[in-house]
Amino acid sequence: MTAMLNSMGYNGWILTLLLALPLIGAVMLAVQGSTAGTADAAAKVSSARKTALLFFLVEAIVSLGLWWSVDYSSAEWQAAVTVPWIPAWGVYFRIGVDGIAVLLILLTTCLMPLTVLGSWTSIKEKPHAFYAMLLLLTTGMLGVFMSLDLVLFYVFWELMLIPMYLIIGIWGGQRRLYASLKFFLFTMLGSLLMLVAILYIGFKTAGADGVPVFAYDTLVQSGNYPGNAALWLFGAFFIAFAVKVPMWPFHTWLPDAHVEAPTAGSVVLASIMLKMGTFGFIRFALPLFPYAATHPMVKSTVIVLAVVGIVYGALVSMVQPDFKKLVAYSSVSHLGVVMLGLFAFTTQSVQGALLVNINHGISTGALFLLIGMIYERRHSRQIADFGGIAKVMPMFAVMLTIVALSSIGVPGTNGFVGEFLVLIGSFRTQPIAAVISATVVIFAAVYLLWALQRIIYNPLARPENAALKDLNMREVGLLVPLIIGIFWIGFYPKPLLDRTHAAATRLVVQMGGVPEANTTVATPGEGR
Amino acid sequence: MANEFLPLFYTFHFYLFSLIALVSAIVFVTRKSPVAAALWLVVVMFALAALYVMLNAEFVGVMQVLVYAGAIMVVFLFVVMLLNLGHPSELNDIRGRWGRLAAGLLGLALVAELMALSRGGVAYNFSLPAAPKAEVLAGPAGVIGPIAAPLFREYLLAFELTSVLLLVAIIGAVVLAKKRSA
Amino acid sequence: MNFDLSTPAGLMGALVPDIVLMVGAMVLMLYAAWRPESAAHQRNVGYASLVVIAVTVAAVLWFASRGLTATEGVIAVDGFRWAADVIFLLSAAATIAMGIESNPRDRIMGGESHVLVLFAAAGMMIMAASRDLMILFLGVEMMSIAVYVLAGINRGSIRSAEGALKYFLLGAFSTGFLLYGIALIYGATGTTNIAVVGERIASFALAGHAMLLIGVGLLLIGFAFKVAAVPFHMWAPDAYEGAPTPITAYMAAAVKAAAFAMFLRVWIEAFLLIDGAWFAPVWWVAAATMIVGNVVALAQRNMKRMLAYSSIVHGGYLLVAVAAGTPLGSSAFLFYAVAYTLATFGAFAVVSAVQKPGEHATPIADYDGLWSTRPWLAVGFGVCMLALLGFPIFGGAGFFAKWYVLQAALTSPRGLVPLSVVLVLTSVVSAGYYLHIVRVMFMRPRPEGAAEPATLQPLTRMVLVGSVVMLLVLGLFPGALAGWATSNAAITPPEARNPFPTVPFN
Amino acid sequence: MQAHPLAETVARLVWFLPLLPLIGFLINGALSLKSAYVAGPADPDGHDGEHANHGEHQDVGGHGGTGHDAHGHDDHAPAVRHKFAAITSIVGPGVMVLSFGLALAIFFAMRGAEMHNPYINTLFSWMPAGSLQLNAALQLDALSMVMVLVITGVGMLIHIFSVGYMQDDPGYPRYFAYLNLFVFFMLLLVLGANYVVTFVGWEGVGLCSYLLIGFWFSEKANADAGKKAFIVNRIGDFGFMVAMFMIFAHVGSLDYVTIAERAGSFAPGGLVVTAICLFLFLGCAGKSAQIPLYTWLPDAMAGPTPVSALIHAATMVTAGVFLVARSSMLFSIAPVASLTVALTGAVTAIFAATIGLKQWDIKKVLAYSTVSQLGYMFVGVGVGAYTAGVFHLITHAFFKALLFLGSGSVIYVMHRAYHATHNHGDDAQDMRNMGGMKQFMPITWTLMWIATLAIAGVPPFSGFFSKDEILAAVFSRAHGSPLADATLLGMPGSTVLYLIWVLALAAALLTAIYMTRMMLYTFHGPNRTGDAAKPHLAEAPWVMTGPLVVLGVLSLAGGWLNLPKVITDLIPVGPTATLEHWLEPVVGAATSRVAGGAAHLSATTEELLIGTAVAIAIAGIAIAWTRLKPAALTTKNAAVPATGIQRVLENKWYVDEAYDATVVKPIYGASKGVLWAGVDVGIIDTMLVNGTAALARFFGWVGSQLQTGRVGTYAWLLVIGAVLVLRAFARAS
Amino acid sequence: MLAESLALSAALFTIGVVGVLTRRNAIIVFMCVELMLNAVNLSFVALSKVYGATGQVFVIFVMTVAAAEAAVGLAIIISIFRHKKSVNLQDINLLRG
């Protein structure tokens, strides 16, 4: 497979193609939308979603090659491309990937067709614009994962914002205006501070010619900022990413955004956009400012916030009457686990954190898709409006149960592997935090099982629920890949772990940790 | 007129006209009637014209009387008359006591800051190689000559610009003040 | 070619573009007065004005391409001037283009409005060119008087008259400060030539000279008024709201750009060495402008007023570039001015289209659900809003404009990191009203029975499409514009010449 | 590395053991997706009619004959028997039969092999992350073999029983899918070669337990019980996980073999190893329903009765005991932790037994009995008598499975009778509605008595041997062993051990009493089922009775697995201590470490102890037999509310209520009132986020109010600004 | 006499400013502005004694500008008077907020 891909020069063009395809799709949809003026609504919907699905499918299929084509153990950036953009300002179009990025890229490309399928019948207003936004969003997200130039990164980072803002604001629920603006302002507040920091380090690193440097590698290597400056700069990056993660207490945009967004929006938001925050830490905030990141004050603050987020998210999740909000708060909890893993700086915890990233993408994405499916039927997300629907929607019940179990972290599903690695790794350096965080296994079970019970179990008391139709082939079909993912990662996560090992080790070493080869090391026994 | 040979006389009159200007200015801003105010402003301008003359700026002094007091203020008065704003009863346009007090205090602060300019004084005699040549500095003799030289040499452009400026003002005034045709 | 500005011929040579414009304007003035007011005549004068502008632009570009220089004198012959001229002239062209189509609706039938736009542009060109405070003053006045009239040119509208009155009274008031400042600077340095002022400050160690500093302070007040910086901004919203829409755009874009062009030239060429004195006031004025402008803009319910505050805010951002006080600051200004001008004209083109005939108010509620009736109009307006917000890609060059200003601020030797933070934080606030427009247009339903906005007329459409396309293209490929801005930023900071023996005066 | 002797035998197919049930799960699961509910447009269960109401006429435990609608009278409802029921009936028990066969084959292979080390069958690398190299690996040794035999053997019997019990349930394939899945996870649990694989099984069985308890999920109580079981188990799992973290952090591996090798590096009795063991035991307490986490098990009786037999009696709940035995290398060097285990076990044993005294629901009695017996097992493994603990585990699996299945038969019969007479008001599980079942179900009656005598500890039934061995071990450890030298809660270890012994004896007495009570009320005395239903009472079909018979034999003869020397010395009935020898390679070292210098009990002492135990058992039976009057019982509906201590016992010491008031409600209330409404909505959102926005808008409003429209105001502001600016410049000069 | 002239100039300028602050009649406010310009002119004239006649040239320019402003300003005032029949600035507050 690798040889075949190499013979096609795959690594040379794949990243650019992945960025360009959705843009072309968006333009095509825009053209289609403006020329389809007189067509009736149904025809418009049908043409728009087909075009979008086509582009997303091609994108997904093309991207799959990355699984094989990339040398994951290499210290070099893979499939890298460098083209001058604004050389006078030191800004280049520099993209490339490593193991971490590849997994997130694949998650994105593979999830996007599913979101189209998930919106298949629910988007009736202005379908062309909707799918064009999804495509634009995809470019933005992929760009963030690929960027190796801080300015380019920033541009992609902001690029995501507008489509998501419009998706929530135009196709969202009742309080969509409030939610979308909140989402936008939170994110923008963080990212603009980051912009100042990016400029600052760019100029601090400027060469003799005065041209600032925004190349990731150069900045990481020369990252010697005076102590206080490093803390401030890290702080700027931290806020930008912490909002996106979202870490407690920067999380309150999330429940609103999730609840109001249409299904596709929620899925993308939860599954991919939240990963931007953690990815930002992994790729930028930590390697750029190792001094600040390992500073005891910073580290303990982040760990405390992560732990608070884990427990708090779970507890608040438990009392939510709205299922989407429940899942939203559970995201706060799960992403807290990721942050804990990252800042514990051990190989297991970092690899676990990367895995939780992916897992959360799959599980929570699936949860939102499922919520979308019943919402479409019932036009309610209130848990109290359901009950006993396993009787009428057994397939739905099965799917929801599997996904919920994955989110709870039951062994055999993906959720367990990631959480376990994070916690076991974190325990080595942050035992107290790890123990407190381990309570998430209890709380996750509480809030999800309780919700599960109130939705699919219990007596089928409401007559309007009795007429609900079970999932159709499209819906089952779009869930199946996610279910496969859940079990695949649950039972055989090795391919993923192998792919992130080198990158995780690099991060651990940058943070002053001990590199661990992929072998059992005889550690000395415990002392007296 | 110079102060070399009649220092006391000169100084007395300088202060006298200064005082007239100052007092007239104060009276000007406190008059209710626009017509009275305008006339007091004319007094200020006359006093300033006298000061200009005493400061060796005879041409400017004359222009002050002719253009400023004679033309511009007449236009003001003309407009006041035209709009029939002369009746003082409907024109109680001065702020109340507190407003005046506050304005006075603000004015005191402003004048105190402006007076700081006297701290440095004009301490240097600037001369530069590129400075005007000797005959330019000396200039043609007479009252108008010294003004004419910079006006038509260094500030030729400015002079021309004033003509365009006046043109703009004329168009503007005409455009604004003429009756609507449509 | 090197113009010898001490000779009338050299001076005229260096002023050819300005003279072309002024002469053209005068001829048109006669033409405008030639026939009675009518829509057709107004249009003809407008087209003729566009031709004059085109000729002037050609002249400017030709001059700019020759790499001309001049001896020291009352005007500058440098890239900054030509670059600024292009911005003014294009603004004027856009204003006239929009005016040709919107004047009949506002029942402005005289061709004089176009002529006055030309004269105002001439004043701006003088402002950008002058290296003498007196010339500068006359340029300011030429522009201001023309714009006073333009603000009130809609004689049928009481709002227009009121806006003009306020603008005029306060403008004249501030002119007093400006002029006093010039007088004191003249008193302290014995010259009004900007370059010489700078040299003398350096040569004679005038940094702490009281008269000079008070003069600079007064000058700063005058400039701050012209750029509508807080707390000297109060005229702006009223004047903007009252003026006919194309004139509002002209005021927001070109007048502001001209004021900043002179501001930067004076500040860098003359007063760079006394930054200890002006840095704090400029810093505070910049911060206050950004904060107050943004916050008050949040409360606006009228589109033109909102854009007026937005324009105040952008003045605040540009003041950051002024505070930077470096050549990078002036190139940032050029870049910013281009992006801002494009966004402003794009926005006002839409305002002009959505504005109901016969009505002067432009409530934001008129934009409810614009997307459903006029999708491309809404998209264009959205791009302009995001450009003003400084958003990458969707806001096109607006992002790089802000970027450039931040760049100038962060590289300034004066340490502008806190001000940069103020800038970005207030930008977040600005999202509150720019995005409000976006959401009004895209996320609200079109009210039942809302009148369909009139179709965009060709020239206005050209302005809109041109602005938006330029914004987006420059947002993707800002390199060329950045290079242009950098190479034309060469306002030379002063350097000390050999000090001459100082002789105590009197 | 030298090839393991088992590598060439049938044992290399060990991974087929769990795989077979997994295949069964997949097949049955696929079948179950073809829903029986598609039969009608609307929910067949939500409306009037016989079938629809079967849920409501039973209480928490109600189910029994849920599927027994095959009597032809529910003409309005479509045939509820699942259309793939036949396939399920073959696949479900079939995979168990195969699995059991394979287990036997492997067992015999093991017996033939010379085994010093466990046989590790590594399937694939599971979680490689730096120094953590987790493999999906199975470990075959004596302990796991015993467990496999119990699980597959008893499991097979229960599967067969289920065919009769559940056949007519609409969720029949789903039931077998869950059951097969359970066996898969249970085998994974016992076969895991490291803690994490065990943990997978551990959580997996919990999951299946959750699914099976809530099998009839349309009943809120059932769904509640399932959820409660899972969550309480998760509390234990939290402890298990923390223990794993600590083990990895201090040992660097989670493989049993490696840990056993490196356990020597721990300081005996050290803080770390004690903490590890205590956290592990928290996990065990959750899974094996020990104080304080036992409350889920009685509720778990909401599941179908065979499930109670398999999961909540024979296998899953004993996983905790297994885990302690599996971790004997750690527990044996942590005396304080061991003592805690034993003491908790003893307290649980007596505590649950007291509750068992006053329960009326036949399954609840058995449930508390299970909790109590599990406590016994923990006493065994806690005092380091790992063999004894496992032995009791095995015998318990036999007799408790028998008891549950027997009670299942009774309930089945009761329900069938009630159903046939359209009686929906009476509870088919309440003993007050039974009585005199002996005459209708003689086989069941006989077998149940065998089991009762076994659990009571009457010789020669199996329970007698295992229980006695535990008691003897407690007694013998009370002197000279590291346990006796340790201190727990300020008490010397020997005192604690004697206390444990007394408690265990008391529990034995109570066990004998409540079991006899149950037998009396159920099978003896007059019948209280009701005249209408009485004619319908008869023995259950053979597919159900058959497994009972097998279990009866095992309950009777199970003791032969590990005859104590003192008995064989007395009466040479069989081989001595077979199980102990078998388990020697696994737990032998740990056992002797715990025993330490404790003297072996003399034959006299041992005989005395045996005598005491037997006497107590017989005394218990006698007390119950004489004091209880089944004839005086009234039916459930006519019963008067109990008072005093009886009422406290009937309400299970109000522990559920206490937990609810002290843990559940505060956490829920705080989460909702403080965290969500207070912190999230109140402080962060309203005050900080929206507050900032409102503040900005407010200042905007103030600013726009300053914009009065009057030139005067503007000029004022301008001049004020000018004065400020000039001030700055004047100061700079 | 330079210092005295400059001081008088500052004082007159301030009186003009105070006039602007206290008056509400548009024409009088405008006159106050004229007073300010006159004050500046005095400075120029005084300084011309130091630096030569250039200062006087400036005064001429200022006068021109004042005249131009007067023309336009009075036209604007007439224009607003046509609408409101008043030049009281307190009444002219249609545009605000």
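Order of writing sets the labels: A, B, C, D and E. Residues in every chain begin at 1.
FYI, contacts are C-beta pairs under 8 Å (C-beta built on N, C-alpha and C of every residue); 3 or more make two chains touch, one makes a residue touch a chain.
Quick caveat, the model's predicted, so the values are computed rather than measured.
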Outermost chain relative to chain C, judged by CA means, is D
Per CA centroids, the chain at the heart of the structure shown is A
When D-E and A-C are ranked by contacting C-beta pairs, first place goes to A-C
In terms of CA centroids, furthest away from chain E sits chain D
Distance in whole angstrom between the CA centres of chain A and chain E is 65
Distance between the CA centroids of chain C and chain D (whole Å) is 79
For the pair chain A and chain B, the C-alpha centroid-to-centroid distance in angstrom is 71
Note: chain E sits from chain B at a C-alpha centroid distance in Å of 8
Shared-interface residues of chain B (touching two or more other chains) are 95, 106, 110, 113-114, 116-122, 126, 154-155, 158, 162, 165, 168-169, 172, 174, 176
Contacts with two or more other chains occur in chain E at residues 2, 6, 13, 16-17, 20-21, 24, 26, 29-30, 47, 50-51, 54, 61, 65, 68-69, 72, 75-77, 79, 89, 92, 94-97
Multi-chain touching residues of chain A, meaning two or more other chains, are 185
Touching pairs of chains in this structure are A-C, A-D, B-C, B-D, B-E, C-D, C-E, D-E
Per the touch rule above, chain C residues touching chain B in the complex are 8, 11, 15, 22, 26, 29, 36-37, 72, 74-75, 107, 109-110, 112-113, 115-116, 119, 122, 126, 132, 134-135, 138-139, 141-142, 145-146, 148-149, 152-153, 155-156, 164, 184, 187-191, 196, 200, 204, 208-212, 214-215, 497, 500, 502-505
In the complex, the residues of chain A that touch chain D are 182, 185-186, 249, 252, 312, 315-316, 318-320, 346-348, 351-352, 388, 390-392, 394-395, 398, 405, 410-412, 416-417, 420-421, 423-425, 427-428, 431, 434-435, 438-439, 441-442, 445-446, 449-450, 453, 456-461, 466-467, 470, 491-494, 497-498, 501, 505, 516-528
Note: in the complex, chain A contacts chain C through residues 34, 85-89, 154-155, 158-159, 161-162, 165-166, 169-170, 176-177, 180-181, 184-185, 188-189, 192-193, 195-196, 199-200, 203, 212
Seen from chain C, its contact residues with chain E in the complex are 134, 137-138, 141, 145, 148-149, 152, 155, 158-159, 161-166, 168-169, 172-173, 175-176, 179-180, 182-184, 186-187, 190-192, 237-238, 241-242, 299-302, 305, 505-506
Touching chain D in the complex, chain B uses residues 95, 106, 109-110, 113-114, 116, 119-120
